[in-house]
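As structure tokens, here come the structures.
The two complexes that follow have chain A in common; it is paired with chain B in the first and with chain C in the second.
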Partner chain A sequence: MRRGWPFYAQLGLTVLLCLFIVVPIVMSALAGVTVNVFKGLSSGLTLRWIFEVWELYAQSILLSLWLAVACLVVTTLAGVPLAYVLVRRPNRLTRMFEEILTLPVAIPGLALALALLITYGGFGSFRSSWVFILIGHVLFTMPFMVRSVAAVMSAMDMKTLEEGAASLGAGFWHRFLHVIVPNAMPGILAGALMVVTLSIGEFNLTWMLHTPLTKTLPVGLADSYASMRLEIGSAYTLIFFVLIMPLLIAMQMLANPGKKRRAASQPAEDE
Partner chain B sequence: MALQNLGEGRSRPSFSRYFGMSRSAMASPATFMALMAPGVAIVAAFFLIPLVLVAAEVANGPDGWATYLVILTNARYFESLVQTLLMSAGVTVVALILCGIVGMFLVRNRFSGRSVLIGLLTLPLSFPGTVVGFMVIMLAGRQGAVGSISNALIGEKIVFAYEIAGLFIGYLYFSIPRVILAVMASAEKLDPQLEEAARSLGAPRWRVVRDVILPGLMPGLISSGAICFATAMGAFGTAFTLATDIDVLPMVIYTEFTRNANIAVAAALSIALGLITWLCLSAVRFLVGEKADLAARGGA
Partner chain C sequence: MNATAMAQPGSQTVQTEKPGGTRIELAGCTKTFPDGTRALLPFDLTINGGETLVLLGPSGCGKTTILRLIAGLEFPDAGGKITFGADDVTSQSIEKRRVGMVFQSYALFPNMTVAENVAYGLKVQKVERRERDERVRAMLEMMHIDMLADRRIDQLSGGQRQRVALARAIALRPRVLLLDEPLTALDAKLRVTLRTEINSLLRKLGITAIYVTHDQEEAMALGDRIVVMQKGAIAQIGTPREIYRAPRSPFVADFVGASNRLDGRIEQNSLVLGDIKIGLEQIGHAVAGGPNGHHDGNAGQGVADVYFRADGLAICTPDQGQMRGRVEAISYLGEKSRLTVSGIGESAITLDVDPDFQIAIGDDIHCRFNPERLTVFGRYPDARNAAQTM
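Coming up: the complex of A and B.
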């Protein structure tokens, strides 16, 4: 295949766009381990800032991880059965419900948080507990779990599987847990990765919902950008990247091998 | 597969008749209800009810129900709305052009390093808005890359992170992954033979792009544009971190709510903002017929 100037021009633009994305990431990662950013890398490398971040913000990092796990549990327990009903019983009512379910993703997080605050902000102990933030995260991530599971469920021949299991004497819950759920596992896994990644990184909602005692990782990040020295903000960002990169890479790997060439026919929602 | 034969060959117990069901493998309506119950309860309690209460809250404002119109009648809010709309539209156009070219290129060409490029381009997909803001500071802030380069070249530090240009760059930063994924998905559906045919019939390159590639990509461009626009309209973290002097609508809502305790106005503005993004996504779904892809959103 001969490659003329248009190929190289487009490649150039692609690389340029990549640099635009990657350069700041690399810069902030480096700044997080540099002794003094204002003097540059020549001032030497250190892990001091990372330790300092841990001292200052360990609470918020751990809370984020805890929230992500809790969010995953809730969205899986509530979302997988929902996906099953939406695929198995597609009627006007369930479709309307699906529309409502995805609404929290369509409207800005700030508006959603405001609604939660106006409704439940008065319940003191509830307002100041981590459960309050969890609710916001569940609303925001549930559609991703449901969509991901439903996509896999509608691709498998659920009717045949269920009839087969039923003819062998399996009751509904037995069928659901031992036939449907294992078959839908790839969708659950993809959804789970999405839910955890989004929950760890959620800021718009969380910034409104948090209290001084319930700060999450991104809330702490915003705090460090505003009031700490550049190295600390960078080191904190580096910790965030280290947490989130494996999840992103796992998501890309999960999205790729199964469908390789036919990847085309799938909308990006599986990515 | 073995199960399938069993299911058809065997005479099944006829309990389904007693329950008035056509297929024994179908769960009863009660079971369906039980399956939906947790999800419905969560959505009802923490989304539908708050939504109704917020809509009612607006009436407690200084002007009663007229508070709903505050976004149009108050000069400051209206100006912020216009600025946010322009900003989001501008970012959408630029992102579509850049990602249209790059996405099409990545789909049509196979070369070593291609998947790495795709991986890198989609990296910021789930970065929170604050981190995107910080990335802009890294790029164009006082210690940023652009500043250092310009300092070395012309002896002057160019800093634009905290101006409207910085905000624009930030919005572009989080839009690129979303738009590129959507463009690539629809570019894969295009038939390369059509372009081949046009070319062999003597069409110059720009005609192939205008008459073959663009119309084919259009549904994908429209739906990814809608996602990009909606995300930009609601983006809060980036503006919050950069603390620019222009007031995007989410920042105005935030200030009204927290600093001025103007809850009714904040609620009215939120509803207006939510309506705009929701309408935008729904309109596209209606027009293009394909689901505006929510999963390409996230963070920001």
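Coming up: the complex of A and C.
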């Protein structure tokens, strides 16, 4: 079939929109490896800024990664059983709990941080430790883990699966660990990626909670924008981008799980 | 009173005990759900060792609740007692009861292969590896699914899934096999095939089995005995033949397929339908005493409900005819044609004819009763009298 002008008009519009989004990313990334932004690319390319960022902010970047992992551990250990209870026992109490759990997503991070500061600000060593920030991150990311796991769990007829396992002699923990958790894995993985991505990128809440010794990657980013030369800020952005991009791509791939698998294995016909 | 007592379920016990099977007894069991609904009225039930008992009834009649009580997924109200052989299991949880369960939705574990599913129970019971593999192989072979051992569950058809579920349930050699509408999710042809397979499997194993279904044909084909349930109570217990030929109440008659119903009267030991009179001694099955009536052979006097299947009426020549009707619809079923006829009762009557019989919609037909295919339920003339006998 020949394609008429509407097709090309639409294609043109799409390409323009993509460029509108992609060009700033490329510009910013390039700025991070350019010797002098004001002279442009003609001044040459360098990795100098990246190394400088690493020297200045390595601690923030490592703390962010550490926080993300710790946050993931906490949200998984608490979130999976929590999702299980919410799906398995839907009553007024659990629904209320779910609402409360989701609140930190709706409330501005700043407000949440303020509440934490007012309540726990007085406990000096706690206030200045990374655990304080971890708590903020867990509060903020927990609903994403719980929602994602609960969605998969409510699609899998857990009640009957558990009854089947129980009739074969399996006690609660055996059922939970060998039947429920493996079957909820797609939800847990999707939730995990979400939690890690959000934790690494979280700024609002963290900015309020941080101390000079507990700066995270995005807080450091703001710091570099405010007080360093543009090349350093851009190089920092580049590092952030390289860290977060694989996570986003993995999340996208997990968003349609089983697509490939299903195509490969058509269910058999009854003879 | 005496006659009613005689009609208690216990008096109809049929000797179906087989060696090896566990005898199951439920005594004084009731079940009230937290919201106050009574799912089961007080009842007693004995399932002989090795017997296949079918619980038959419409949805919401309590049949699944009985199965779940026996499984240990629900517990009876205080006072109820459930025993497996000499073992009182009333307060035992399902994990300890050693029951095998097969569900309508299969309940197979999607994260495991076919072989892993069958091995799951053996793993839980810590059966040693070599024996486990051996038993899984034997089970898969028995269910003719050994070639599927390494398949994932989502690669199986419905029939294959239910075979896996059966293999998994019997791998642990349970004391009783509980099947909750296992064939309902399958298509008609496969249902018949698998039904036959389940039947021979149960006979081969000699295991006590309880099978829940709403399908009358399935119940007939599989059950040593059938329990017909109605609104949380047992309407009738009996062999398939008894249930089919001698239903104890209009509900049972209707449920097992005697869907034609006429209003009649009983006068001087005869059934009177309009100007037709048939001696009660010719009637195939007559019950007196109202909806919960008893067999005393004497249907008394008064109003009667007459139930019959498509074979209860036969087409005949006008001079032999007892009634005249008009053909409203004809369904060709292959080995027979089923007619829907109006003008005989208040609602349309179905009857079967030879498929080659020349007839068209709108034709008038003459027919006569086949008395031994009729089921008659006498009703006492007034409610006060009926209430006294209840």
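The working rule: the second predicted complex is superposed on the first by the 239 of 271 C-alpha atoms of A that agree within 3 Å, B and C clash if a C-alpha of one lies under 4 Å from a C-alpha of the other, contacts with A are read in each partner's own complex, and residues count from 1 in each chain.
What we mean here is this: a contact is a pair of C-beta atoms (placed from the backbone, for glycine too) under 8 Å apart; a residue touches a chain by one contact, two chains touch by 3 or more.
These numbers come from a predicted model, not from an experiment.
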Between chain B and chain C, more extensive residue contact with chain A: B
Which superposed partner A:N183 touches (first chain B, second chain C, both, neither): second
Touching partner for A:F144 - first (chain B), second (chain C), both, neither: first
Touched partner set for A:L114, first chain B, second chain C, both or neither: first
Chain B versus chain C as contact partner of A:H174, first or second or both or neither: second
A:A166 touches, of chain B and chain C: first, second, both or neither? both
Partner chain(s) touched by A:G32 [first = chain B, second = chain C, both, neither]: neither
Common ground on chain A, meaning residues reached by chain C in one complex and by chain B in the other: 160-161, 163-168, 265-271
Residues of chain B that touch chain A when the two form their complex: 3-4, 6-7, 10, 12, 23-28, 31-32, 35-36, 38-40, 42-43, 46-51, 53-54, 57, 98, 101-102, 105-106, 109, 111, 115, 117, 119-131, 133-139, 143-145, 173, 176-177, 181-182, 184-185, 188-189, 205, 230, 233-237, 240-241, 250, 253-254, 257, 263, 266-267, 270-271, 273-274, 277-278, 281, 290-291, 293-300
Residues of chain A touching chain B in the complex: 6-7, 10-11, 13-15, 17-18, 20-25, 27-28, 31, 37-38, 74, 77-79, 81-82, 84-85, 88-89, 97, 100-112, 114-116, 118-120, 135, 138-139, 142-144, 146-148, 159-168, 172, 175-176, 194, 197-198, 201-204, 207-208, 218, 221-222, 225-226, 230, 233, 237, 240, 244, 248-249, 252, 256, 263-271
Chain C residues touching chain A - in the complex, by the definition given at the top: 71, 73, 93-96, 98-101, 103, 105, 107-111, 120-121, 124-125, 152, 154-160, 168-169, 172, 178, 186-187, 190
In the complex, chain A residues that touch chain C: 156-157, 160-161, 163-171, 174, 178-179, 182-183, 185, 262, 265-271
